[in-house]
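Every chain is named by a letter (A, B, C and D) in the order it is written, and numbering of its residues begins at 1.
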Amino acid sequence: MDSIGRLFRITVFGESHGSDVGVVIDGCLPGIPLTTETFATDLARRRGGTAGTTKRLESDLPRFLSGMYRGKTTGAPLTIIFTNADQRSEDYPESPIFRPGQADFTANRKFQGWNDPRGGGHFSGRLTVGLVAAGVIAKKIVQPMQITARLTEVGGQSDYAKLLDETAGQGDSLGGIVECQVTNVPIGLGEPFFDSVESVLAHALFSIPGIKGVEFGAGFAAARMAGSTFNDPFVSGDGRTLSNHSGGINGGITNGNPLLFRVAVRPTASIARKQTTLNFKTGQMTQLTIRGRHDVCFALRTPVIVEALTAICLSDLLMIQKAFTTGKE
Amino acid sequence: MDSIGRLFRITVFGESHGSDVGVVIDGCLPGIPLTTETFATDLARRRGGTAGTTKRLESDLPRFLSGMYRGKTTGAPLTIIFTNADQRSEDYPESPIFRPGQADFTANRKFQGWNDPRGGGHFSGRLTVGLVAAGVIAKKIVQPMQITARLTEVGGQSDYAKLLDETAGQGDSLGGIVECQVTNVPIGLGEPFFDSVESVLAHALFSIPGIKGVEFGAGFAAARMAGSTFNDPFVSGDGRTLSNHSGGINGGITNGNPLLFRVAVRPTASIARKQTTLNFKTGQMTQLTIRGRHDVCFALRTPVIVEALTAICLSDLLMIQKAFTTGKE
Amino acid sequence: MDSIGRLFRITVFGESHGSDVGVVIDGCLPGIPLTTETFATDLARRRGGTAGTTKRLESDLPRFLSGMYRGKTTGAPLTIIFTNADQRSEDYPESPIFRPGQADFTANRKFQGWNDPRGGGHFSGRLTVGLVAAGVIAKKIVQPMQITARLTEVGGQSDYAKLLDETAGQGDSLGGIVECQVTNVPIGLGEPFFDSVESVLAHALFSIPGIKGVEFGAGFAAARMAGSTFNDPFVSGDGRTLSNHSGGINGGITNGNPLLFRVAVRPTASIARKQTTLNFKTGQMTQLTIRGRHDVCFALRTPVIVEALTAICLSDLLMIQKAFTTGKE
Amino acid sequence: MDSIGRLFRITVFGESHGSDVGVVIDGCLPGIPLTTETFATDLARRRGGTAGTTKRLESDLPRFLSGMYRGKTTGAPLTIIFTNADQRSEDYPESPIFRPGQADFTANRKFQGWNDPRGGGHFSGRLTVGLVAAGVIAKKIVQPMQITARLTEVGGQSDYAKLLDETAGQGDSLGGIVECQVTNVPIGLGEPFFDSVESVLAHALFSIPGIKGVEFGAGFAAARMAGSTFNDPFVSGDGRTLSNHSGGINGGITNGNPLLFRVAVRPTASIARKQTTLNFKTGQMTQLTIRGRHDVCFALRTPVIVEALTAICLSDLLMIQKAFTTGKE
């Protein structure tokens, strides 16, 4: 459903063109100081406005509905909302043409036509603003872990400024690869079998709209390596390894080396150029032109979202691990 | 932890060299006929013994501890165990040399030295026998969906018999790619946001020991495609699309086209040839030779496990979807 | 934590003197028509203002933040908030005297002093407004089940108007018993063992601040009955029984007879008359006089909350049951 | 379903007349020494054989299938099974007469006739042997908390030996009240709102077959007390109160005083004397005589089960609380 986490638990809500989007954080540690300023940097990284990103501009000012007292978290559920100000619903007339690559068709069928179709409704990337807000808090909880995600390629290129311009000019869109590294990771995060670190992180990361692949360490390249090359030999008593093909994880549990993984972001589904697709009313193929303001490459805005979900997952795993290690010994 | 699923819920237990491994299936529909024969084909696909797989041979005869009456499931928890017969614990003396690429080090640290280290203990691939058993039942529940996984490459090659022999001769190991396709998928499986089909499947798949990557549809290649190429145009009123770059999923929800995904399997960590790694007692680098019987390429045995986890996840999503669609309309 | 339910899932948030209190309903069926009017009757039943209840008056106008489109639920998370208007925080100076019978002391210790202490903060009965709102929706989902809770006694008396007046005059408070009956209950709700109907309902009911006991059917009186008296003989093929000492539940599962249970509501903890208790700063016993506006007997406002939680639980159990019965047969 | 707990998680399985009953404990702390002897005292308290209890005698020898190594828990799932030896299935012919007060009818309807009807199947009190085993371990985890449950009355009498004899002679049965007290309870256990200590405990306790009521502290008597009497004044800085009408819980959180609660146990449903009830095949009322070996008063065997579930819940709450208190401060 719309929640994730066992002890540090996030619930997201809202629609692209509804009144507000937001997040409830249950299991938030008390005493964490927060102001709207605390969120400014990460929210700005997520927000559109630069080259290659949507022209929709939201002020993204977090409003605390609950869980704050005298500027600090209380331990009760922390609810943060963001009012949708710059929505233009007239751009989204109801239509018998479901946009290719979007959730329009599946949402319509799953919810029997009752879903809010405007701008993708609940399936919109707009929802990720709540995730980024929760991530800001989670990053404080996991300190001294340091989480850094960056875009390593767009459209297959590592230097992609010119490609973005060209693609925008063609009314087309691009995907990209985001790589994330976490340093200062304690040994022992992750739970046996189904709650491996890979399982928990992949579960969260695949909830970001448009992610089509997740790989850890050597990832898909590992399938073409020999075991003698892939294995990471230990070189010091704290578990440091010579290489890091495992991405900092053995048996689903962190080994103290940096966590390393990559996610594949598909190109933006909403493109300006004409697409040939079905008119579900007439049953005929037709030409679709999508209006609205869209990213040429929403992968540009994805690194901070990847960081946020990583921090959210690690907060939860860290708290769970503490519960077990502080027991009988 | 060791459970997965919300309504159709699996719990695995056991160790490589313990007395038994097994699975509890909670939420199993009643009235499903089962005999030991029902499981034979899939268990044989998972079992070692052929070229490139371990020489350890277990009869893998399922024993029903609970949940069966007169040859059919009752709706109460179904417990299936497999007795470990062919274990050779003398192959696994306790050692200050943690095997590279294995869970030895992380299990030792996480469980403060109390873990069962023999043959990987609870982290062993032996645990997957319970998953395969649960998968056999899940496949019946999801009918007429058809789940087919196959190994598409080993060590980077699609024709890999000779490479396996050579690698075995060198005391080395290989990884591979498993591709899975599901046909006859109903529209509407998957839940909003955090329980997208990708999230649920990836969570399960990354619990298989040795999986380093999961990608859906075009996957990582999607990151290098233009939106006009990636988007799958609709061509018929039932949601069929011309291409299937989305892997049968839009907005985290099945669109009725075949589900399609691939997993990257790393090479077997236990290799016969010498490895240079740390002796944690002396603090010196040393030469490690691993005894025991191991797969040259355990990816050979992985397709049926991928099918099992896919069936388990789809059973759960199918039951959840039924709960919602049979409500008020 | 602050969530309950497996498929129909409620999360509550807010504080007595925060800006808003509210509820997120995840797993809400789509297509349910809702206006602020829909909630009016039940919210009025919960609201203070009549004899024996608090003088704090909130307009309790629900505001929909998400999950609504064109007046109907969409299937996405439905967020409803209520703005706190009539709070008087000056009535709650921070104090080294924790009020007896309240959560002041435990909240302070659990949250290391960071909790919002004003009016009980997150532990306030104010939070139940969100439950009542969720209950209104759940009542629609469980139709044709009919849920009716009523106050059967106050201070041990079934006719209690005069007693309330006297007690108010003495600056004291009273408890009561709420009885709830559900008719038109389908056979088969409730899950084996840990999710018995009693378990699920009691879990929810004991979250209402001030509930000290829950009993089903004959309840505590059953402990004094002979088996030959207690057993409910079947009298018709649809499972109707002659008596209903089991409260409509056998083996944790509904048997089609009316659900019947009672909850014990303790007297309001905040009383006007002086109490002798510890000053935690001086370490001396002291006289405490509590200001603020409080119920003489908040049990008067409890029936509609009991109904709400009952409806919430039954919605969840009904959906779960549908998931299982529509499978293989 | 058949699981309970968030971090310390129990799954029960088995049937009265199946081959085995058992329990999987997930999230069990590593390093706890266990032998079959460890369980002997509590298993003996649960076992039948004394006056007023069933003549069915099981040796109740725990067998560890997983999670143990060199006599200590490993941190992996601990599976304990008990083989059913003394079952007499011929006592339970399939019958169109569902026994009053039992789960026969509801189990048949819920599971569409596929349930195992012998001796109550999965609904049998036999399942509680696994709970008691899990409780033995949980009691070690919650030390120095001390959990003591005792039978305070049978059939309404505190001295009940003679009444038991008389009732047995009449082929009838009796219920009783079990009171449980926990001392050395740390302050702060229990989570806000839905996971109050009362909610978590009641959820577990109502899963014991035959429990019809649960009350904390003054319980139902609180409904007849004035607030000035009910409130427990604080008398020392560690939270000790003069009285304990709250049962050691304020706002759902432990306040450091002893936890105190009572459960109502209904009389055994299976009685020797004739009962008039429906024959579901003929549609006529008929005389039913139940064979088999049954307790006159299974409340005699309930205290150790109540202790077990209490320990299981407190283990979970203790671990959750540690996760939160060891965070940012």
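Definition applied: a residue touches a chain if its C-beta (ideal position, glycine included) is under 8 Å from a C-beta of that chain, and two chains touch if they have at least 3 such contacts.
Remember, predicted model here, so these are calculated numbers, not experimental data.
Asker: Through how few touching steps can chain A be joined to chain C?
Answerer: Minimal hop count between chain A and chain C: 1.
Asker: Centre to centre, using CA atoms, which chain is the farthest one from chain A?
Answerer: D
Asker: B-C or B-D: which has the larger count of contacting C-beta pairs?
Answerer: B-D
Asker: When the centre of a chain is set as the mean of its C-alpha atoms, what distance in Å lies between chain B and chain C?
Answerer: A distance of 43 Å separates the two centres.
Asker: Could you grab the centroid distance between chain C and chain D? Build each centroid from C-alpha atoms only and quote it in angstrom.
Answerer: Each chain's C-alpha centroid was found; their separation is 25 Å.
Asker: Quick one: report the Å distance separating chain B from chain D, using the average Cα coordinate of each chain.
Answerer: 36
Asker: Indicate the residues of chain A shared as contacts by at least two other chains.
Answerer: Each of 1-3, 12, 27, 31, 75-77, 110, 112, 122, 192, 329 in chain A touches at least two other chains.
Asker: Give the list of chain C residues in touch with chain D in this complex.
Answerer: Those residues of chain C that touch chain D are 1-4, 12, 98, 100-107, 109-110, 112, 120, 122-123, 127, 153, 155-156, 167, 172-177, 187-188, 190-196, 198-200, 202-204, 206-207, 209, 211-228, 230-237, 239, 241, 245-247, 250-255, 264-271, 273, 275-278, 280, 283, 285, 299, 321, 325, 329.
Asker: Which bits of chain B are touching chain C when the two form their complex?
Answerer: Result: residues 6-7, 27, 29, 31-32, 75-77, 140-141, 192, 319-320, 322-324, 326-329 of chain B touch chain C.
Asker: Spell out the residues on chain B that touch chain D in their complex, using ranges where they run on.
Answerer: By the definition above, chain B touches chain D via 1-3, 9, 11-15, 18-22, 24, 26-27, 30-31, 64-69, 72-79, 81, 110-112, 114-116, 121-122.
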